[in-house]
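Look at the two complexes coming up: subunit A is in both, with subunit B in one and subunit C in the other.
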Partner chain A sequence: MVRFKHFVAASAALATLGTLAACAPDSGAKNGANGGGVFTTVDANNPITPGAPMNPYSPNGNTFLSYNSMRLGFEKKNPMDANDAFPGLAKSWEIKGDTLVAHMQPDAKWSDGKPVTVEDIKMSMAIALTQGTASVGSGQLSEGLNVASVTAVGKHDIEFKQAAGTNNANFAKQILGQSIVPKSVYGHLVPADIWDTIAASQQVDAAQAKAAQAAVDKLNETGKAIAAFAPKKDVSAGPFVVKRVNPGSAILVRNKYFYDLGKIAPSQVVIRHYSGNEQIWGFMKNGDLDAAPFTAIPTNVLNQILAKGYKRADGTSYVNASIAFNQSKAPYDKKEVRQALAYILDREAITKVGQPVGGMASTAPAGMIRKSTEQWLGADEVGKLNPYAHDEAKATELLKGAGLKQKGGKWYLANGKQWKITLQTVNGFSDWIAASTVVANELTAFGIETKPALSADFGAYQTDMAAEKFDVGWWLTAVGADPRQNFQRLYGESDGFVANGDKVTHTEKKGDGNWMHGDETFTVDGQSINPGQLTASLAGLDTEAKKPVITQLVKATNQEVPVIPMWDYTNVKFTYDKNFTNWPKNGQDAILANQPGVWMMQGYIQAKGK
Partner chain B sequence: MTTATLTKPPRPADAPSARRSRWTGIRRVLTRKPGRIIGLSILVFFVLMGTFGPMVYGDQLAIDPDAIYQSPSAEHWLGTDFAGSDVLQATVVGSRYVLLTCSLAALFASTIGTTVGLLAGFHRGLSDSALMRVTDFVLTVPGLPLLVVLTTMWKFDSPLEMGFVLGVVGWGGIARAVRSQALSLRERGFLEAARGLGLPSRHIIVRELLPNIAPYVAMHLLLSVIGFVEAQVGLFFLGIVPFTSTNWGVMINQAVFSGGALQSPEAIFYLLAPLTCILLLIMGVVLFLDAIDELFNPRLRER
Partner chain C sequence: MKGLARTVAIRLVGGAVMVWIVATFTFFLVHALPGKPGDVAYEKYVAMGMNSQEAKAKASIIYGYTSQDPLFTQYTHYISDLLHGHLGISISYSGVPVADVIGDALPWTVIPILSGLLISFCIGVSSGVVAAVKRSSRLGSGLSLAASMIAGIPSFVIAILLITVFYTNMGALPYGGTVSETLLVDPGWNVEYVSSVAYHAILPVATYVLISYGGWMLSMRSSVVSVLGDDFILASELRGITPSTRMRYIGRNAILPLFTTLALSFGTLFGGAILIEATFNYPGVGQLLLNSIGKRDYPLMTGAFLLITTAVVLANIVADLLYSVIDPRVRR
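On to the complex of A and B.
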């Protein structure tokens, strides 16, 4: 019995040691070849999922962009040029009409020592089209990934051709932004005739529509098998490769075959798991993270993090938080009502409560963030936009003009019912929730009884929103640096506009995804415009040609107020000068828009004292 | 333990003195231990808070974006919250929903549980089996996960809705306990006499059986209040029911997940205010239960 007890104790001790060893970074990781040690961070888009495959196509895959998951390039989020990117596996590239020629990094190798080949790139593009991005007649699509062929045109040069009839000005961005995976690992999952299937899916001939749909279905089936695939070990062309994934962290070690190894200081990267923002705050308060992504954070916690020694680097975030309406429901079908609400809400006060650290109060409804609007329109035109500054008298006048009545301090709809608003928001979105309290307070004080309500999660929220269960709710708008993407949030599928090439259709049918129900055309400056058509046209225009179209769309948005923007987010990154130095600084928008792996590839993050 | 329900009612002339002696007895029971008076005082305090608090303060909290997470001061005794609203005001206003919900839930659970338990225990046989299988089903249904699912369909805007749902999923325990009591009592002489007199079942259950288990039900009702306070605050804390910044559960949620109360001292009063109220409320119930126990159990009074 005593012997058994000793055995149990010894086993427990060994198990404990084993667990500790599994959780700790590798010994010897302290001083890498470049003087670096362990770089610890969290991946904002990818908390660790134990047991999930090391596969970038898996929804919860344990691959981490810019560390062990590589692309040809990394988008700079330049609002004036969507194709602007940092080099990745492609050293440089040229855009010639409907063709992109990428010049590959000559020394690019996988972590198993094999070179990155044209075949890997070609297969990766085919796989990208199996992940739900293929569609019938995609040759006509003016957006999305519409690559028709990938060909070697030199030892390290690859030509990507757009599908016939496509006019996609953002073709390079689409190509550069795809995950590149090794053929030696994924090749057996991809049918040999996949490019024939892709060609069949891109048929624009109406007579071939059935065959095209069959091809799309076949691609999607292949895609499912690829997404479920679990490689036995990670094979990476990035600066790091996954060594193991623990429930609490993923340990990545430097890929000794990485083409630009000299720039990579850390010998290891530890990516910590988190389940909520407050955990990330806790990590930083303890000084555990070398760099941390943006999280909603209260000022009191921010002050503690800064006191610990963290520095914040602010970049532009191309997204704003807005309140959107179902414009088919009274009284939101009247633009005067939406305008009145914009006048009632004090966006400065709402931002102070909702997003005190990572938000700037919106200045005017425009469909884009303030910085993009200024870049595209110029200061003079921006100055002409209506800012809808807090003005309750103006709101009262507009509401009365729209047929609403005020009795005993409350507002009543034209049908005599009291106007009550349920402002829908999402559980876990602490900034929206806090801001909803102020919105509800301001509207209720004005006489419009408003209550916030929570959806369980964002997935359920989106589904319910599409099913038109909410009249008023929070929504992310101005998403992305590209103005076309921005206006698609307002005049795209959720507003009933479907673009296929130059042809834009508008649907009001239930179940077709149109929950905003804005008008198909507006009159702006005496001219009738179709916002869906204008938005779709941006895909094929160069920078100069885009400007007048964007101006029209901004003016239309400012007049119609389909959403009331509350704040532009700020891309706040935190860095800790304990183990590493040379971090990106405030205002370096392009680099801050990317993950620290890209910072390293660009020469940032060096070992301290090196 | 048998009561005098079959005995002659007291003469009207005796009524004032009987009432006087009952109040004297209650007063004596309450003052026997200081904890009982404290418990009662806490409960009265919360009832007054829930009844008159929202009248004094008003439902609408004043916000001040320039005074977020302020420390306690003469102006804000418990500091301010994430929107610069007064934490004391939020706590007081929020008490009404919590108290109403848990009271209604306890009432629903006790009513359903007592009815089912009495019917099953008195009738026995097939109805007993059927009712107990239903009770077993209710007992095996996991209450909180079920409520989480229900919140996807039901908005729980009013305390009545929340109280009803909590009560409907929470009556199983009391039904089982009341059934046991009823099974025991139905063999007592006074009930056999009632049956022998040919009194209808309804009369026997309502007039003979129910008064005898009423003290037990009353105690269970008070005890269940604790569970219902925790359940509904928990639902709001999880953030799955309508958001209102004056709800105690929402306050805890906001303090932890938005205010960083576990990371930073600034928001600590915002966290502690609702937590202390919940703790005090539960303590009040537990302390007062001791008095209830003695009031309904004369043998305890003799010690």
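On to the complex of A and C.
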């Protein structure tokens, strides 16, 4: 019926296009009842998807984190403490061994006026375990959601207990980071015996493996039904609730029952749809967004946006762009060759072209971004790492030592063939594409004939990379604030290190990995280490115990150079003082790592003139 | 009448066979694309900051909608579903029927492209007649030259130019979206909603008009010039028939070749204009198709291709049948 109404309206629009358009400027409330007005932004992780359900479990759902989609807490992305978070529906919490006790916001209510109850939280945790998270035995060394029970221990206090045998130091992060949805809306989709099924799936006894797998299958089936569910209307415990989703924008209005409404200035939030970075730039050039997330952006466009009056606030982005190798292919199987390439490439020059606005040239290959490395290792240890500063003489020495030969200004492999590199990148990744030109120029000038090549899209790139069709290409590394997450990108399951209980085995898998075939063990400071085993062990260690392990992994990565990091991305946020003021500032990493809804809950974003 | 029914039946059967061939071809073609929906989603989640395990878990839910059956079995299910009127379930929308997803996008393709098609056709045909009749004058030459130049400019260049002038520099027209973002009235027959839809459609429609105007104008000009040389025009002049009547003769004869193109354009409009929709952030079928390819949403891709194919085949059949009505010579 709605679709028919759309069509009727569309037909009417066609008929009246000429006459009405001329006298139809944008209308709508620009100032709300509280003087806050309309807050307009885009959600970088979740562009509006016309027709998708208002369901946080749908991959393209029209729910927006921190506005109408709430969690118990919002991760601060603190590299030293993964459990560090801003309060959400939980006002505070305590971690006691393998349990977490959360103290709920006493006044938390859904937008239909019903209170947020322990039953809502318990059901939401069960749903989270249906979203592909369930696994037989819950897995030691696993950093997944290993909750075994959710129990009320007070009127507003809830205890979450880890599954038996689990040793996940990031347990609190997992609990706090789950979407909380109302039982009144989702309850009919969740079987009454779901916690029995969850318990069955978590059996570690080998004799129960078949029953455990059956339970996992049952949970996944429930999960599929929940992901496909389309609620008729939005019911939110956040500061806003969806009023309507147009094809071009989602309109959210204040949830009058929100527990901390006094801090929320805007009367409406408009989240605009976009299909490319250029549109976000266009909106900003016209002053149409109050806040905008990071997008790869050329310098000239940045200048236009700043000239319009936008301010930038730079925070840390836990990801870097690297050049990676298939280490089964000569000559990239030799660490001296990878080290030589690191010496040849001038990362400052490459960053200036590839990511001039949102990138900082990487200092030393470490597996983590510069800031995390400094925090974990300290200045002294970081100073001992090899920065691989631009040094062609050193590169020449290393290459000759690895058996390569230089003739007539060109480099030749040990088998006598000329060394040629095809540097693979992906259509649409404008920073990688631009930087590839500089990389190719630098290597070619050194005598290694290099040309960039383009994959049609990321899906094709992944498939061809896993099939080992590329020798050298771009890759995102050091992804996330958590060190384990960073090193998993280099020494994880996709790289052949498969966790099985307490043990990690190394396989030479093909067709389903990423840039692979690094050695199983390295010798660092005269000691043999298994990087996969060390990476997996981080899951159960506290901060102090992690430090020596991370130091070993950083040193190993610095020595072996499985990838050459080019730049650390910067989390650049843009804000505009047209309707609102009091924005987060440069360097406030924790708050900048979150969506503006969290900024509001933390007291930022106030109506101008208030 | 019996003959007409037989002709229609034959055309429809032929069209159905054509649709089946194209559906089969596109089914295997889209499944041959490198990349899997789950893998694409996994990397997206990792880039968003999820750890490997969380990303794999979330992606597995999407992958849960991707059939694990052998490809030929999937094909037989697909054809069987089509025969029962089902286009399948979207992978990237996790459980939403493909027909619903396409149905939501369809009006936003029909509005700008149908409007643009009709407007450009009317303007192009009218100015084509003028350019042909006045072909020796400056006006005629100017019209022809302008049409040739406009026809040569890529659509995205025109779109960006219009955005720069009317949105960025003048701030006179909106860019992106389909209705005013702060409009909180229900979609339907009310002035506020309809005028907002029309207002937001101006730039996409103007782009479509500009990119297709040149083609209509030059075709019509060429067709009119050809008709002007026909004997019956000379005869009508000699018989003293008034210029307005003569123009009617010219117009009716010259427009015939353009009619087939117009009818086929009605079919292709369902595919949207991908570049225009992407540039203007207009959520029509073109943009839906583009996104579905990026996410390897096989059912959505095949559904969108099927819609386009069926529309073109039907438009072709209708054009064939109507042509014999508007041009009596074909019936002989």
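To be clear about the criterion, the second predicted complex is superposed on the first by the 566 of 610 C-alpha atoms of A that agree within 3 Å, B and C clash if a C-alpha of one lies under 4 Å from a C-alpha of the other, contacts with A are read in each partner's own complex, and residues count from 1 in each chain.
Note that contacts are C-beta pairs under 8 Å (C-beta built on N, C-alpha and C of every residue); 3 or more make two chains touch, one makes a residue touch a chain.
This one's a predicted model, so the numbers in the text were calculated from it and none came from an experiment.
Of the two partner chains, neither subunit B nor subunit C is touched by A:D333.
In the superposition on chain A, A:S275 makes contact with subunit C only, while subunit B stays out of contact range.
Legend: residue contacts after superposition of the two complexes on their common chain; A:E119 is shown touching neither subunit B nor subunit C. In the superposition on chain A, A:R244 makes contact with subunit C only, while subunit B stays out of contact range. Looking at the shared chain after the overlay, A:Q131 reaches subunit C, while subunit B stays out of its contact range. In the superposition on chain A, A:D217 makes contact with neither subunit B nor subunit C. Once chain A of one complex is fitted onto chain A of the other, the partner contacts of A:D107 are absent, as it touches neither subunit B nor subunit C. In the superposition on chain A, A:E392 makes contact with neither subunit B nor subunit C. When the two structures are aligned on the shared chain, A:P53 is found in touch with subunit C, with no touch to subunit B.
Set against each other, subunit B and subunit C differ in how many residues of subunit A they touch, and the higher count belongs to C. Shared contact residues of subunit A, touching subunit B in one structure and subunit C in the other: 276, 282, 285, 460. If you check the complex, the residues on subunit A that touch subunit C are 2-3, 5-10, 12-14, 16-17, 20-21, 23-30, 38, 40, 45, 48-53, 57-60, 77, 131-133, 142-144, 220, 223-225, 227-230, 243-244, 246-249, 251, 268, 270, 272-276, 279, 282-283, 285-286, 318-319, 457-464, 476, 479-482, 484-485, 488-489, 492-494. Touching subunit B in their complex are the following residues of subunit A: 276-278, 281-282, 285, 296-301, 303-304, 348-350, 352-353, 356, 425, 427-428, 430, 433-434, 436-438, 441, 444-445, 451-454, 456, 460. On the side of subunit C, the complex with subunit A involves touching residues 33-36, 39-41, 43, 46-54, 56-62, 64-65, 92-96, 100-101, 103-108, 110-111, 114-115, 163, 167-168, 171, 174-184, 186-189, 191-202, 205, 278, 281-283, 287, 290-291, 293-294, 296.
By the touch criterion given at the top, residues 60-61, 63, 65-66, 68-69, 82-85, 151-152, 155, 157, 239-245, 254, 256-260, 262-264, 266-267 of subunit B touch subunit A in their complex.
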